[in-house]
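The same subunit A turns up in both complexes below, where it pairs with subunit B and then with subunit C.
For the complex of A and B:
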């Protein structure tokens, strides 16, 4: 089926009626570009997430932990692999072009992966706070996603991310019952990762957000962010940790947590490739890509 | 009816050499996850690394009698107490070296597991059967990639150079292990690993052509008591989190 819409209004009516777009459809260019940009950023983020976590695989404290974090990183890179394939099907860029743009610092990835995992506590905080934020966002996209291939792949991604969350939850539980050194290490990780994880949801959605109008996303950023806050504030307090937000307070009337003002400057810096670890992350990835170009070139000759 | 062999101390030390090799081979593969030439290779190295660590875990459990003892045993051993070979301790900085190590190690690993298929210790029979199934995929992966890269002159020369650098380290893999004679006499294992070396060399030369015979002199009887100069860095990476607080459970 190769569906055609004569006017954007017809296309939007199709989406509002719950229609699902497939790659063979003659979708409006603006929609094609918007879906592509969204999936490309997701793919880049999965890959950069894998690179953020890879630093700690060889140092994992024990064989079982090591096998767990290998599987986790393998999942993240596997997600990137699937996402690059469906992004490439939109015929805007090839997978190679997307990866080269990423390593040249020309395309975006999520703010959290512009930070360095400096300790094993950071590795756990990523699984506990960041992966949870990512899953909340992905579930909201999956719920009503109008682009068929993305919706199908999100189903698998969300299922695998569930295992990552469990690794984070189990690790936090052990640390919270552990030694003072462990608790202090993880408290520092919360201090470092709380705000970046919270900012993963982005600033409040604009009233005319195209991603919402075209059912690529189904929830506003601020709604998802609040869902995460309401879950993780009591969880971290329950484990005996503090949250680095002096404005955080319990609203008795509304029966909910209110956070202090958000400083969006760090997010803006990461989006301009000026985050704390952006330069190292991109240059190391780029160097590895360059150093192994002979393999790809040789295999291209074989395939031709 | 087969009588289950008791794993005496010398036999345990013999098995430990295999466990240490598998552990450090898996460890070395993890270093390439995320920086391999393309995404499929990142995932392949992750998968193969997990398998090798899984084999190590099963062998350590057998030696120690309890899987909960593995991490304490691994972290607290002195370097001279390890029984790993030079090949898995060596830090390979180039992808072609990592790939050639993968090929060389996995073309030797099934030959090692085969020696346990008729073991008088039933657990070793079941571990070896499981490992051999996984190893078939490892060999297929290494072979497919190497076959393609050898067909292009520029990549062939890189692989051949890496191979010549690695072969002396591979020889150490086949060097005699402490406890091997005891393991053979109690039928825990059906023969000496170094007797499998000609089979491995035939595989090697069938794939890469006849190589300089001088490369193959040097299987010695140091019995894995010396450590590679890269070992300390490797061991420190393995223990970095553990050393923060040896009392901690993570």
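For the complex of A and C:
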């Protein structure tokens, strides 16, 4: 049933021929670790994203938005749930160990969840800019992902993120038709979230990126980032908002937007758990885990 | 905790299809978790959850593609050739 590869070259040939790896296969340890790290970070990000979303349930303006935010929260937590399950199936860490590492600041989650969403405008900017960035990277992983369980779950996640994107853009449309105060508030949110969202794609991929070589990712970071820029610059302009990038210019000859230089320092700080809201976010997530421990204990009793 | 495989079926004509898996403590909780994780937006109206340990799995190679048995894979070539020859004859005439 399970497949075995005697040398890494054989394994890489299998991947290059479009092979899909399943948990029962005897995959090389480096591959197992790389897939695990990638899925663990994705799972952590869904959980942290879901908790951010949850913060806005009481504060969302109006019943319809409130209901949508509840649905989004359930989606994100659901994604985390499925991702932690397939991550645990790789037998590197149990779900409990992944949680402990997350709360101890030992494992990573996306940079955008190291910042605070202070206003409803921020929440809309996240739904519009950040969710879109996440979907663009997830689609690129899904397209050619060599790890079977992840590919199957990504299909679901991408479908559900589609609803979030539509909600995000509908909210932008609504704000763009609002009062001057509302529009100014949202412009501030774009100013605050444009760069973190752009940095979600990470720095340019290294030439020897193992994630690309092993078909865990199928596209280079800078290509995906550019795809997002080309889409969102005209969209935001169309809704009457500006981009906080003094270096941004339209290249007539190439027919594309060129952005100014990227300051990677904020990204590095977030990855070292030193983002503006990292500590509070992690402690909130940890509290939430503690408060729900009785559910897990009850389940253990029922299971035994 | 046990791992369950989840199957969903959309309407009367479709077959059950594998949707994914879920970790749960009991059969009843598996059904609830499967519904909440895999069927929030009309992905199906009927659902099966099966404890993974109850699935019998065949070894690789157990299923024989039988590609060496042409009588099971009639490709229709002989008939197609004859029909073409008839058409050609008609067109020539």
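Please note the rule applied: the second predicted complex is superposed on the first by the 288 of 304 C-alpha atoms of A that agree within 3 Å, B and C clash if a C-alpha of one lies under 4 Å from a C-alpha of the other, contacts with A are read in each partner's own complex, and residues count from 1 in each chain.
Just so it is clear, contacts are C-beta pairs under 8 Å (C-beta built on N, C-alpha and C of every residue); 3 or more make two chains touch, one makes a residue touch a chain.
What you see is a predicted model, and the numbers here were worked out from it, not measured in a lab.
Student: Based on the superposed arrangement, let me know which partner A:211 touches: subunit B (first), subunit C (second), both, or neither?
Tutor: After superposing on A, A:211 lies clear of both subunit B and subunit C.
Student: Of subunit B and subunit C, which one contacts the greater number of residues in subunit A?
Tutor: Residues of subunit A touched, subunit B against subunit C: more for B.
Student: May I ask you to decide whether A:235 touches subunit B, subunit C, both, or neither, giving the answer as first, second, both or neither?
Tutor: neither
Student: Looking at A:156, would you say it contacts subunit B, subunit C, both, or neither? Reply first, second, both or neither.
Tutor: A:156 contacts subunit C only, not subunit B.
Student: With the two structures laid over each other on chain A, which partner does A:78 touch: subunit B (first), subunit C (second), both, or neither?
Tutor: Touch status of A:78: both partners.
Student: Return first, second, both or neither, reflecting whether A:299 touches subunit B, subunit C, both chains, or no partner chain.
Tutor: A:299 sits against subunit B and subunit C alike.
Student: Across the two complexes, find the residues of subunit A that touch subunit B and also touch subunit C.
Tutor: Looking at subunit A, the two contact sets intersect at 71, 74, 78, 81, 299, 302.
Student: Quick one: in the complex, what on subunit A touches subunit B?
Tutor: By the definition above, subunit A touches subunit B via 47, 50-51, 54, 57-67, 70-71, 73-74, 77-78, 80-81, 84, 120, 171, 174-175, 178-179, 181-182, 185, 284-285, 288, 291-299, 301-302.
Student: In the complex formed with subunit A, which residues of subunit B make contact?
Tutor: 23, 26-27, 30-31, 33-43, 46-47, 49-50, 53-54, 56-57, 60, 70-71, 74, 94-95, 148-149, 151-152, 154-155, 158, 237-238, 240-242, 244-245, 247-250
Student: In the complex formed with subunit C, which residues of subunit A make contact?
Tutor: Touch list, subunit A to subunit C: 1, 3, 71, 74-75, 78, 81-82, 85, 152-153, 156, 160, 163, 299-300, 302-303.
Student: What residues on subunit C touch subunit A, complex-wise?
Tutor: Result: residues 1-3, 20-23, 25-26, 29, 36-38, 40-41, 57, 59-60 of subunit C touch subunit A.
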